[in-house]
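In what follows, structures are represented as structure tokens.
Two complexes are shown next, each including chain A; its partner changes from chain B in the first to chain C in the second.
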Partner chain A sequence: MIEDKKESESYVGKSIRAKEARAPLIGKAKYTNDYTFSGQLYAHILRSPHAAAKINSVDVSGAKKVSGVHLAICGQDVFNHTNGITDHLNPAIFGGKSTRLPCMAVDEAWCYGQPVAIVVAEDERTARYAASRIQVDYTPLEPIIDVEKAVAKGARSVVPGWEDNTLIYVPFMNGDTQAAFDAASHVITTDVKIHRFSSQPMETRCYNAIWEHDTESITLYGTCQNPHPLRLVIAETLRMNENKIRIIASTIGGAFGLKMHGHPEEPLICLMAKLLGRPVKWVESREECLLIGAREQQHKVEMAFDSDGVMVGLRDNVLANIGAPSACPGWGMVFLTGLTMPGPYKVENIDVHMNAVTTNKPSWNAARGYGKESTAIALELAMDNAARQLGISPIDLRLKNFIAKDSFPYNSPTGLVYDSGDYSGVLLKALETIDYQGWKDKQAAALIEGRYLGIGVAFELTPEGGTIPGTMVAGYDSSTVRVGPDGTVRVLTGITSPGTHNATAMAQIAADELGVDIAKIEVLQGDTNASPYGFGNYSGRSTIVGGGSVALAAQDVRAKINAVAAALLEVEPDTLNLVSGVFSSSAKSDATLTFAEVCYASYTRAYDVAMCIDPPLEATRTFKPPGIRHTPDENGRINPYPSYSNAVYVVVCEVDTDTGKIDLLSLAAAHDCGKVINPILVEGQVCGAFAMGLGGALSEDIQYDANGVQLTKSFKDYVMLRMADIPPIGVAHHDCPNPDNYLGLKGAGEAGVGGSAAALVNAVNDALEPLGVLMHEMPLTPSRVWSAIQNANNGEGVN
Partner chain B sequence: MSLHPMYARPRDLEQASQLLASLSSGAVIIAGGQEIMPFINYGVMMPDVYVDIGGIKALKGVNVNDDEVSIGALTVHRDIQSTEDIVERLPLLAYAAQQIGGGWQVHNRGTIGGNIVSMHPLYDIAPALLALDADVELLSDKGLQRMSLLQLQNDSSHGLGSSSILTKILVKTMLPNVLWGYYKLKNSAGAYGSANAAAVIQMDGEKIKSIRIVIGAVSETSVVISKALDGYLGGAYTLEIGRAIEKVCIDAIDEPLSDQQGDGVWRKAMAGIAARRATEMALSNLTTSSIKR
Partner chain C sequence: MEDLLDTSALIQLRVDGEFHELDVLAGRTLLDVLRDDIGKKGTHLGCKTGHCGACTVMIDGKVAKSCITMAATLARAEITTIEGLLDEKGGLHPIQQSFWDEAGLQCGYCAPGIVLSALELVTDNHHPSAEDIELALAGSLCRCTGYQSIKRSVAEACVRMYPANENIN
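Here is the complex of A and B:
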């Protein structure tokens, strides 16, 4: 038995400050835009001012006349140099429609903001100025902005040649839902409207492409979450070999799915560098970043209950306004919203219809939650509505309907296999954390004074670590662990960090497995020429597969080091102890060796004591979570997720009934992400999700006018919450380890946007229940809340 | 519109004024830059010449002559919030300046002159100054000119920003028996105001002697309401009077803004709520000394 450091010296489970967090804090991190190369040029993209228009001609001659301009080209020229952008997830694989996705509009613009021409110049100002000299002759078409209009009979097709605007329709059906509804005592219908809100990272996107003359290849410094898969997309789009592309994802200032690839600018900027033989950089403006949408869904949720309040059937019909076609994986969120039904509730009979509808709004990309947040919003608003109609407390109704703790692994009616959980326990812990009863008492007292306090809870089930067969969204990942001759450690991994500091979690795991000080570990991510092949970050997977693969590789290397240490000490490996970097043996009391001495010997004595190993001290391993099942069951269903994290969010607020303004008073969450590797990292994710979910529910809203012209262009209009809006957040952990994964890990990074948004809406409805107000349309802006109060009181107002 | 703008930093007002007169409309005055730098950075504005007035001494400082406070156009928000002569004599203005968003950068660099000249409907300085019936002084090639801020607001031919310079703001010291209130309704901490109201009330014992309310952020320009409130003078303040004031202020808004902050119906209603709350703040005895520095 190999005795490592004492328990107190291990790193996993401790709040270790992230080493890589320091540089961003002091303003010294090197983001993609901080790289500039000799001969650097800059691109500016001219975009369509129309939501739908025929492009009759594009005249770039005016731009070419501006001094300092190196290239000005239109969509047709780019089309000639490229293939369509490879889909991140091709809808056709799932029975949907697909179309060629050009980098720039050619003869028709299908959304506001679609690239129409590009200028490359000596500096950004010149490029922008020159772009304003380009003449485009458009014939505007009547745009299709609303989803109802898009699905109406005879609606014009957004994509010429498609017979209708439904990109994909996916039903999720199980049991006998009709019979369940017929036999039910109560059917409660809730119309939920989720608006278009996205994730706005502090760092917008940036691509800096370099043409490497020596190797006739491209190096792209890019804000990207998935460097290896992006390499394939660029190669295919630019008709190059994949091994001619190198991607470097530097420090990333927030991604949230928005930096998953498929964006037209990715191949476009590479093409510019290739055509010019010079480095070309493009930096996305905030206005451009706000083009990217997500989440806009309307649900008609029907829940059938028996006379005891047990849910016996669930129906939902969903229309999602996914905007114009795109190679980004945004549309897949709609699929996931349906797949995650009915969340934590034990109901067999479901009838859920998902429609991803194409319109002339700009496209979606993935956004934190990846559709699962919308499942939570729809279900949790509907549960509160049902509780109100049935006259049961929302807590009791949930407790009555949760999947029981002893039913795991649980087969969901959509084919998922939930690994583990204690949903009631998580809910009770969240209530305890916020002091639910205390707030209930305060609420009652406040109402007597004419003040409206509300308490809302919501559950979110977040399948994490997903993979889709036949796509580059893989479920596994790989890492290399390399211990140098001085005993220091280099970890190379296919996992990237969007700014969540998963490198620290991997370093903690490596340090424990190798038995070394964490200060000796360096983690390198994001360079396709250095890291083993990997898929980057998405779906809360990074610590599950990154941590798992690092652990396996570290165990292999550690076995080599042990073998050499045993050879040097002339003892059996199982008598070794490693404490504070020093090896000793229970078989030989006086002899010791440092970890570094053993490593040096491993490199330098390959023909004597290190004969027993294959040098160097290095191993590359893959972690393939065993919970995933891609072979279809008898119903043709797969389980694409290895872990099912879950959480409860609680919001306490007060509504100013004169103005409709909502003040947040207290927040809490209880979270089950399996084993917690590092509490600070997990709690940071929980708090961040709260800020995003609440911001979405209260104010973040990307709006368009009737012609499909985007009105929301800056943070003046897209108002995110600030510290002053958010009270302290109580976070509790309620861990049910995943039985299949290394250390029992489940994902922790994606959850919370839907749960916190739903808890807020439920809290506001709770506050205003005495006035008869019930709202299921987000965001709850003061003007919307105020109008609801006015309408509930027939214009009398509240006095 | 120029890709290669020129930059001028005149030493005094005379130089600045001559320079502006000699340039065509391609010139733009730059003070703290908080307003126009974002436009320039995004290429929305590409002026031929920047005239940086930051070095002109005559535009700086706060002085008191008799009972009139003179505030140089370059005075930054931080100084409006904390300069003793303003805090003591114009507490309403100091308080309104504290409500400005944008954080330290905007407070330390944004000037009162730039704020006024921007004439942005959602800003806080104009409602406060209009409630105090402030005057402004302008310099153009025609010389110095003094006019009320209200007149300036209603006159679009002032040429500020490209051919005339706002030099100072002149405000009468608030009388000791004047009560004031300022209410800013924001949708969230990072938002601009959706309805701002400044109230200045003179009391005669328990009775309201005069009342002047200015509503900002609800229409294109601030709305001054005083005569319409005459009917509520002479008595003590009651909740009914508060509601009546609310109603008068709602009715005073003809064309409410309707934007991402909220629709017109709500904005109009909020004009009333903000007015009532500013009035209540004034009457809750908030005096000069209670303002936080």
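Here is the complex of A and C:
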């Protein structure tokens, strides 16, 4: 239940109802597609039906003959008007390959679904029909779809001119791994296959670009997590000045990384508006949204243990099928998967090789977890496998190998510096939350009846708030706090909300720091002409850096207000009390002033009682988390994260051995996100990520045929979980505040997809262990599980 | 010039209490008409295949997916969208208030469809079981909440709408 709060109490730590949740409930939230402007035109994009093909010619004359069409142009024409799309994260900075990324295919299409031509018309239906009248002459090439084929010797290069298809190879090595493996008592190898699943927010992407004739500039209403960095991309791609671009990220209907920029449609739709001098809107179809991939990778995890079950070495070799080149930051997930090894485990000797491989599949974009979820999946499946092979309980093996609570700050073998944590405590809390022993007993009883219950546990370490030097992925952010002459507050912040209600968290923090009623606070996000320069939403950063900067700015403004209040009351500032909007002083018992009266005086009496301050009542401050270190250490390593949230997920399931169907029986998570600003909102993040990870492990799968043609085109094929699929989730907090961040914040939004997916796979393997089934390939569809059961026991299957 | 010609039909809709007479082309959906002709932007496009439920409205008191309902098939119909639930003074319907209080939405894109589906359920069934709620909301996908807070919101709405429930629970 939401708590009511009197003005004098603090808001932080309470389940304050999200102000921004009212508008969607009455149908009045303004999502990007809800904006329509005078003279509005609509775009439809014609896409390549081939995964790889030479484009011999594009004839748009048929489209131009359709009544209501304003523009129909091909990739070459767009090329002439634009530069390559600026990379969100340029792989060349990290020693990888780079190429010019056109808004549309020019001579060659390099994946199914790549834009080839675009039509702009009076309405969507006309644009779609006209696009069907465009004639494209292709010569199909043999597509490179499989990652093994892409890395094979002599493979055709997906990008002409590249000597091979590896976009980037990154090794993470430390210690003497060979010696550790040579001396080990046990080496357990686990081959983990993670499939292609993406975040699929309920709102697809939408861009509505307006050419502003008066200022010769562009206003883009867009589903965008990072408005300021996108502004630079649009400017560079369209050869305009950055100050001629305004991005407005309105209410966002979910993002989870998919709305991080680099998409070709972003500059493309802006170009259409510029060429036509009219507003142009494009709405992504679900089929188009399903082109966007993530996480398709295979791991070969080798863990070396001594005779006591202590991990002494870790190897992994990862091949990731990242699809065609893209300006989106999806490829960087592969880098992060390696950087986050070996997760929560204390092992110095590591030898991890990450290969991000280009193919003729559509490209990735960022997805919740940003590669760190894949670390969790690979490590946690391997830990359970090791526990089984070593004859140790998976709980004990983890407890034996966790980094100890008193070892923080902890220097990881990849150069990360984990700020704080109590990993054993989090695990035990999760087990208590689900009643682990109770389920163990039920499992044993069920097995006697011939029913297969399983309990799976997985840990996820989620570095949050990341920043990469030399890129527009920044570690800091800025906010403005402005108190008006009537005592009401406007907060402007560089962080954006993908639908998490982080504006309410900002308001809670501002209300506490200013000492005002939260109802007096309005928060604005996502407008580059209004907000301070900011980097938006990614990497679980919003409340860490947004909240920190709001707090600093609010403290500055509060100091000004206090100074004026003290001057008005003729007392010292440190004698002031502010209770329920009324200032009083311990030095003067009878005199009081309202907060609003003090604010009014601050604006209007600048030459007498407010001489002591610089008006207006406004401050802009930046929070730069001190934990980040970009200066390389003696090994050349940096610590790009200020914060290391962590969590344990537990899944209890029952497997129907006749059908292979998995039923979820009980779920629990214990989470360390530092100080919880708003419990009901954090619980929402935990539960949402849990469902997303379970969906990924069970049924979400974007499939292509052997020619690289997309098979998964709707939610009929891409099966996300529905309400009945998910039993109640027990959520517990076990917080070790980050010693470096405001209020000890660690971030709550990114964690969960990997931990929950891994816990599910571990639960199924636990359930089917009596049958000798062991699966490390996702998703665990009924057919895959049923086949594994049939093939178990040396092909004997179940009796 | 090639003109796109299509047959059209005259339909009469009462949408959230307001009467509209519209000439609609054969290919247009109820969602198109609600959003583009009547300005009911609270009804959302999520998939265009009827799977996600973001477009859910009530047609003559029963929930339906407006993205796969051809407008021309509705010669006369009473439509309720999420925008029609407020009371005369602009106050929230108890079910809207429950979703707000219990954080039954995050990004809110699915919320209009989910609230209407829940309303249809609790109007007929004052004491829905967990299974009843799951069945009633099976047509809607939510990507943010993991559904926990949605279940709680529906249960809370029943308590508020039918105070006698408190004794039963």
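By our rule, the second predicted complex is superposed on the first by the 785 of 799 C-alpha atoms of A that agree within 3 Å, B and C clash if a C-alpha of one lies under 4 Å from a C-alpha of the other, contacts with A are read in each partner's own complex, and residues count from 1 in each chain.
Here is the rule we use: a contact is a pair of C-beta atoms (placed from the backbone, for glycine too) under 8 Å apart; a residue touches a chain by one contact, two chains touch by 3 or more.
Quantities reported herein were computed from a predicted structural model and do not represent experimental measurements.
S.K.: A:D633 contacts which: chain B (first), chain C (second), both, neither?
M.R.: After superposing on A, A:D633 lies clear of both chain B and chain C.
S.K.: Counting only touches as set out at the top, which of chain B and chain C does A:D137 meet: first, second, both, neither?
M.R.: neither
S.K.: A:E216 in the overlay: touching chain B, chain C, both, or neither? Say first, second, both or neither.
M.R.: neither
S.K.: Based on the superposed arrangement, let me know which partner A:A724 touches: chain B (first), chain C (second), both, or neither?
M.R.: A:A724: touches chain B and chain C.
S.K.: Looking at the overlay, what does A:S783 touch: chain B (first), chain C (second), both, or neither?
M.R.: first
S.K.: Does chain B (first) or chain C (second) touch A:G499, or do both, or does neither?
M.R.: A:G499 sits against chain C, while chain B stays out of touch.
S.K.: Looking at A:D308 after the superposition, I want to know if it touches chain B, chain C, both of them or none. Which is it: first, second, both, neither?
M.R.: A:D308 contacts neither chain B nor chain C.
S.K.: Is chain A touched at more residues by chain B or by chain C?
M.R.: C
S.K.: Examine A:M202 and indicate which partner it touches, taking first as chain B and second as chain C; both and neither are also allowed.
M.R.: second
S.K.: Kindly classify A:Y129 by the partners it touches after superposition: chain B alone (first), chain C alone (second), both, or neither?
M.R.: Both partners, chain B and chain C.
S.K.: In the superposed arrangement, what residues of chain A touch both chain B and chain C?
M.R.: The overlap between the chain B and chain C interfaces on chain A comprises residues 66, 125-126, 129, 285, 715-716, 720, 722-724.
S.K.: How about chain A: which of its residues touch chain B in the complex?
M.R.: The contact residues of chain A facing chain B are 66, 125-126, 128-129, 132, 285, 287, 658-661, 698-699, 701, 703, 711-712, 715-717, 719-725, 781-783, 786-787.
S.K.: Show which residues of chain B lie in contact with chain A when the two form their complex.
M.R.: Residue positions touching the partner: 1, 3, 42-43, 46, 185, 187-192, 194, 260-263, 265-267, 269-270, 273.
S.K.: Where on chain C does chain A make contact in their complex?
M.R.: Contact set of chain C toward chain A: 1-4, 27, 36, 40-49, 51-52, 54, 81-83, 85-86, 92, 96, 99-103, 105-112, 115, 131, 133-135, 137-138, 140-151.
S.K.: Can you name the residues of chain A that touch chain C in the complex?
M.R.: It comes out as residues 1-2, 15, 17-18, 21-31, 33-34, 36, 65-68, 125-126, 129, 133, 199-204, 251-254, 256, 283, 285-286, 498-501, 680-681, 683-684, 686-692, 714-716, 720, 722-724, 726, 728-729.
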